[in-house]
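Both complexes below contain chain A, partnered by chain B and then by chain C.
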Partner chain A sequence: MNFTFTKNARITFAVLMLIGVIAGVYGFMTDDTAHHNRFWANLLINGFFYFAISLGALFFLALQYATEASYMVVLKRVMEGISQYIYVGGAVLILVFLAGTLHWHHIYHWMDPEVYDPTSEHYDKIIAGKAAYLNQPFFWIRTIVYLGVWMFFARLFRKRSLLEDQQGGTKIHFKNMGMAAIFLVFFAVTSSTASWDWIMSIDTHWFSTLFGWYVFSGMWVSFMIVLVLLTIWLKGKGHLPQVNQSHIHDAGKWMFAISFLWTYLWFSQFMLIWYSNIPEEVTYYITRIEEFKWLFFGVFFTNFLFPMVILMSRDAKRQIGYLITVGVIIFIGHWLDVYLMIVPGSVGHLHFGFMEIGMFLGFLGLFLYTVFNAFSKAPLVVENHPFLEESEHLHI
Partner chain B sequence: MQQEAAIRKPLILGEKTYGQITEDVMAPVVGKANKSWWIVFGISAVMALWGIGCILYLLGTGVGTWGLNKTVGWAWDITNFVWWVGIGHAGTLISAVLLLFRQKWRMAINRSAEAMTIFAVMMAAVWPGIHMGRIWLAYFVFPLPNQFGSLWVNFNSPLLWDVFAISTYFSVSLVFWYIGLIPDFATIRDKVTQTVPKKIYSLLAFGWTGNAKAWNRFEEISLVLAGLATPLVFSVHSIVSMDFATSVIPGWHTTIFPPYFVSGAVFSGFAMVQTLLIIMRKVMNLESYITIKHIEYMNIVIIVTGSIVGVAYLTELFISWYSGVEYEAYAFINRATGPYAWSYWIMMSCNVISPQMFWFKKLRTSIMFTFFMSIIVNIGMWFERFVIIVTSLHRDYLPSSWTMFHPTFVDIGCFIGTIGIFFVLFLLFSRFFPVLPLNELKTILKSSGEQYKKVEQEH
Partner chain C sequence: MANDKVLYATFDDDTILLNDAKSLVSKGVYIRDVFSPFPIHGIDPVIGIKQTRLAICAFIYGLIGLTLALAGMYYFMIVDWPMNIGGKPNDFFYQNIPAFVPITFEFTVLLAAHGMALTFFIRNWTLPGIKARNPYPYTTDDKFVMEIHPADSQMSEEEVKELLDQTGTIKVEAR
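Right after this comes the complex of A and B.
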């Protein structure tokens, strides 16, 4: 059965987007921070958060290919659909970076040429020391390479998956394994460097070797949440007949496990910096604790404790009520985690109002619109895959 | 029964029956040791005795018999400790994490990998023990209420966290390993005919009856222990890494340490598993169970974890420059170009560059090459710890105290001794214990056995 993107769904998502536009325009007008940084920071938060979900989908898809995993084959099209947001998400990111280059905002301090000029009063010795890496031409080359290669793979996997529906056989499968391995190697390096370039460089003085892996774990878990929620929704609408409780259980396990991974990395980074208390490092957390205390620790405990306590038991991971409750809460939790990566270095204070909520909803609408559109373009379950039968028989 | 895709490779080769699996696994237990076993055992025992002698000399004379000096206060001791703990990661990863991921190939290797884990963790525990000097006061590491005044351990110290982390890891691994052994001991008990072995194996089998309820509990406890052991795989080496990362020593204090140490540990652990199993499958005729496919899978784990470690090395190197912190940058320049550059480049070539050879299918399915690489990785991972520890210490903040570290014969003897003890224990294990989980293996015979897969395909 093919998925039809109903009119009702289209209207709902359009309304969400409209709320986003209103919130954005209203926010831009009322934004009294320097260079409208608050507005642009919101665009970056949402631009990155939803983009990262589609990138997480691409990573997970490649991981499934490379490890010859079968259990999620019946959900492959759902993952592919999520990965197809990568083009729109990438465009939003480009817009934010372009605005930075044009000095419409000052989220990236290092984009200001004066900090590199020893005669200027804005000269910053530490940033100037990073000039070989943090300079506009190199930044743009890197950004375009990341986005270009990731999008190339998103397109490639999608195209070959549709082709496999027609052709069958094992040739495409084995080729996908090889391509997935190549993607994973590229991703292993660029997922870290991209998070340094796009996010860590906001707090330009600060550095942490773990930062890239921490951002990666956040994107992975955000994707797992979206996969669980969308699967449950589609299943509820009568789609995905091959998906049984075991598949949902397995997806729930991933959501549970990667929440632990995220917690582990969050804690490792925080604890080591807090313990050593070196001025150049600890400043990052001092800002977050002084200005965002409740939010900062609240996000950590929410994203850790909710999945741990509620999803620990086998039964909970097989009941959609629990999965939806935890999923929605930590989905917001991980959005707030991205908020906490970006806002302290760009706006500096806690601003939370209609603009933040509205733009979050607007981008949610855009994301779902794009993903549903991709769902409607192909059958929701693959037709030929060497592991399809194995996946259909999953029973745990 | 679960469906298995036709394109999956068989995991048990040849025309095996249930009875043959039992016979194959029991052959070394009921048979006599061959000459090569005695030769290897003899060499290991001599190494072990030499090491024990060195340790006794160390304890009698003092830690001053090691080559430590006022600048390099930690060297081979902690290097060996971390190296052994790292090796001890593969067993629990294979038995717990791969169980959670439903990887059937783990069944050929998990028993010996777990045994290796337990022996490796024991060898690791030797180092902090003998480093204390007065080993008879070793119980001071536990937070015991005492009569000596308000004397407590330092709860802020990651060295104390190590005590908890490693002892927990050791106990859970031991229980996990032993529970898996119980049904197999029972099988041996039922098969052996001599009186004394029968008595011993029936004691070891804890009165296992093999009824449905017992198997049900067996499976449940395996899953629970796997769930408990999985976070332990992460926590142990994370806490070991914090011994270094909580400090303010350039080259030690870096946030990537916990996950990067875990990855390195799995990397070295799998290398040691390869070293042991490639010999064992040959000597004990287990080629039908530990197949080339198993070796290939392990090589893939090695290339993945080796590459993660590689990414971490490069991240550290890059951030040391990016940070703009002079001391941090110097620590890394000194590693790559200073007097210990040779050890840095041994580390880089053994851990990052050479595992990339496994991208070639021909090489990762070659037994000789895999064996060679497993030794290379073991060497590389020892040097990784040596580089981290000694090169960060030997040139500290005060150039007048810069110096080098020179190991004495006691340093070398103690290290060789732990290798000897490790091999003695492993060789004894391979003679008297069922080295494959024979009962569990039987559960996959019909889905992954070669002749059954053939029949399936013909239909």
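Right after this comes the complex of A and C.
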């Protein structure tokens, strides 16, 4: 059945975007931090958070192709729809980086050429030592390569999926399998390096080897939440007749499991640094604990305990009420997690007000508008996939 | 009693067995158990097997592991013999809790996993050295067997046999 992007939904998302624009403009005007860092940090948080959801969708889609998994074939179009936000999200990120290069903001401290200049009073020996990697031309080359290749794959998978609806057969299926394997290898490296370039370099002196995994697990779980919530909503509207309780149960399991992956990595990073207590490493946590104590530990416990306690039993993962409650809570929790990755290094203090909430809602509107637009372009359930029949009969 | 006999109906395909089980149950036959080399999807509700309670056991074992590990470390490392490891605080339990988390986690998993496996073996009575209770050894290879006690469904052996003859069974044996 075809999905129509109703007028009411359009208006709702447009209102959300309007709130975002008002919050952004108002925030930019009243922002008293240096170089409007607070505004740009918010743009980066939302730009990255929603971009990461679509990137998570692309990753999960590639994982399904590469492993020839059948169980989520009926949800394939939902994942594809989410992955189509990657172009808009990438554009927002480019805007933030461009503003950094033009010195409109100082989120990326290392973008200032003076820190590399031994004669300058701003000379920073530690950052200068990283110049081989952290320099603007190389940063831009990397960013363009990541975004370009990811977008190429998002486009490729979408195009092939629509083509498969017309052609049928297994030719496209096997082609996708090979391409997905190539994508996963590329993604394994670039998801890590992208998180260093875009987020870890905010705290330029600091480094952590498992930071890439930590960011990756956050993006994956955020995507699983969005998938579960959108599937429940679409099914409630009668658009996904083939989706049964087992599919929702499986997606709920992923949400549960990846919450643990995220907790595991968050804690591993924290505990190793806490235990070794080396000055160059603990700075990251000292800022967070001194300025953001309750938020910092609160986010950890929320994102860990809610899925753990509520979603542990089989029955809970089959009750949409539980899934929606937990999903909404940890969706906000993971947004706050991204907030805590970016704000301490760029703004330094806890600023939380209309701008943060408004821009979160604004980008939510933009995200949903783009995704729903993609939903309305093609049938919501694939018509020809070798595993469609098997997926329809999923029973666990 | 005359109805003491137990009927074993052998099948060589799980789909045929599943469909026949459905029709037998709808005719009032109570199937006590099905022996199969692998799990047959959807058979549980048909023959009236309840949801397993193994998950609840696992949760309880995990909780025991969690409590034991925390209590143990509180006693070893805080009360009995406080140790200065890398200058980490050891006056109070809560100050040192991040260092205890990995061990607590491992111990929780250890108890939950071992407890669950042992419970499973004891409940099924398949501990090492115990004689297997499946009626035919080939139910561990490529055959599927239905166990029916005619007395359970208030039928005579002949009535059940007659119903079984209408199904796709390859052999019916009474013991």
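The criterion applied here is as follows: the second predicted complex is superposed on the first by the 396 of 396 C-alpha atoms of A that agree within 3 Å, B and C clash if a C-alpha of one lies under 4 Å from a C-alpha of the other, contacts with A are read in each partner's own complex, and residues count from 1 in each chain.
The rule is simple: a residue touches a chain if its C-beta (ideal position, glycine included) is under 8 Å from a C-beta of that chain, and two chains touch if they have at least 3 such contacts.
Keep in mind that what you see is a predicted model, and the values were worked out from it rather than measured.
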Fit-or-clash call for chain B and chain C when the two complexes are aligned on chain A: clash
First (chain B), second (chain C), both or neither touched by A:W213: first
Touching partner for A:Y133 - first (chain B), second (chain C), both, neither: first
Which superposed partner A:Y87 touches (first chain B, second chain C, both, neither): neither
Touched partner set for A:S313, first chain B, second chain C, both or neither: second
Which superposed partner A:Y275 touches (first chain B, second chain C, both, neither): both
More chain A residues in contact - chain B or chain C: B
Touching partner for A:Y322 - first (chain B), second (chain C), both, neither: neither
Where chain B runs into chain C (options 206-214, 350-358, 404-412 or 422-430): 206-214
Common ground on chain A, meaning residues reached by chain C in one complex and by chain B in the other: 271, 275-276, 395
Touching residues (chain side chain A, partner chain C) in the complex: 267, 270-271, 274-277, 312-314, 395
In the complex with chain B, residue positions of chain A that touch it: 68, 70, 126, 129-130, 133, 170, 173, 185, 188-189, 192, 196, 205, 207-213, 260, 264-265, 268-269, 271-273, 275-276, 278, 280, 386-387, 389-390, 392-396
Touching residues on chain C, where the partner in the complex is chain A: 41-42, 51, 55, 59, 86-88, 98-99, 101-102
Of chain B, residues touching chain A in the complex: 2-8, 102, 231, 234, 238, 242, 245-248, 253-259, 307-308, 311-312, 315-316, 319, 322-325
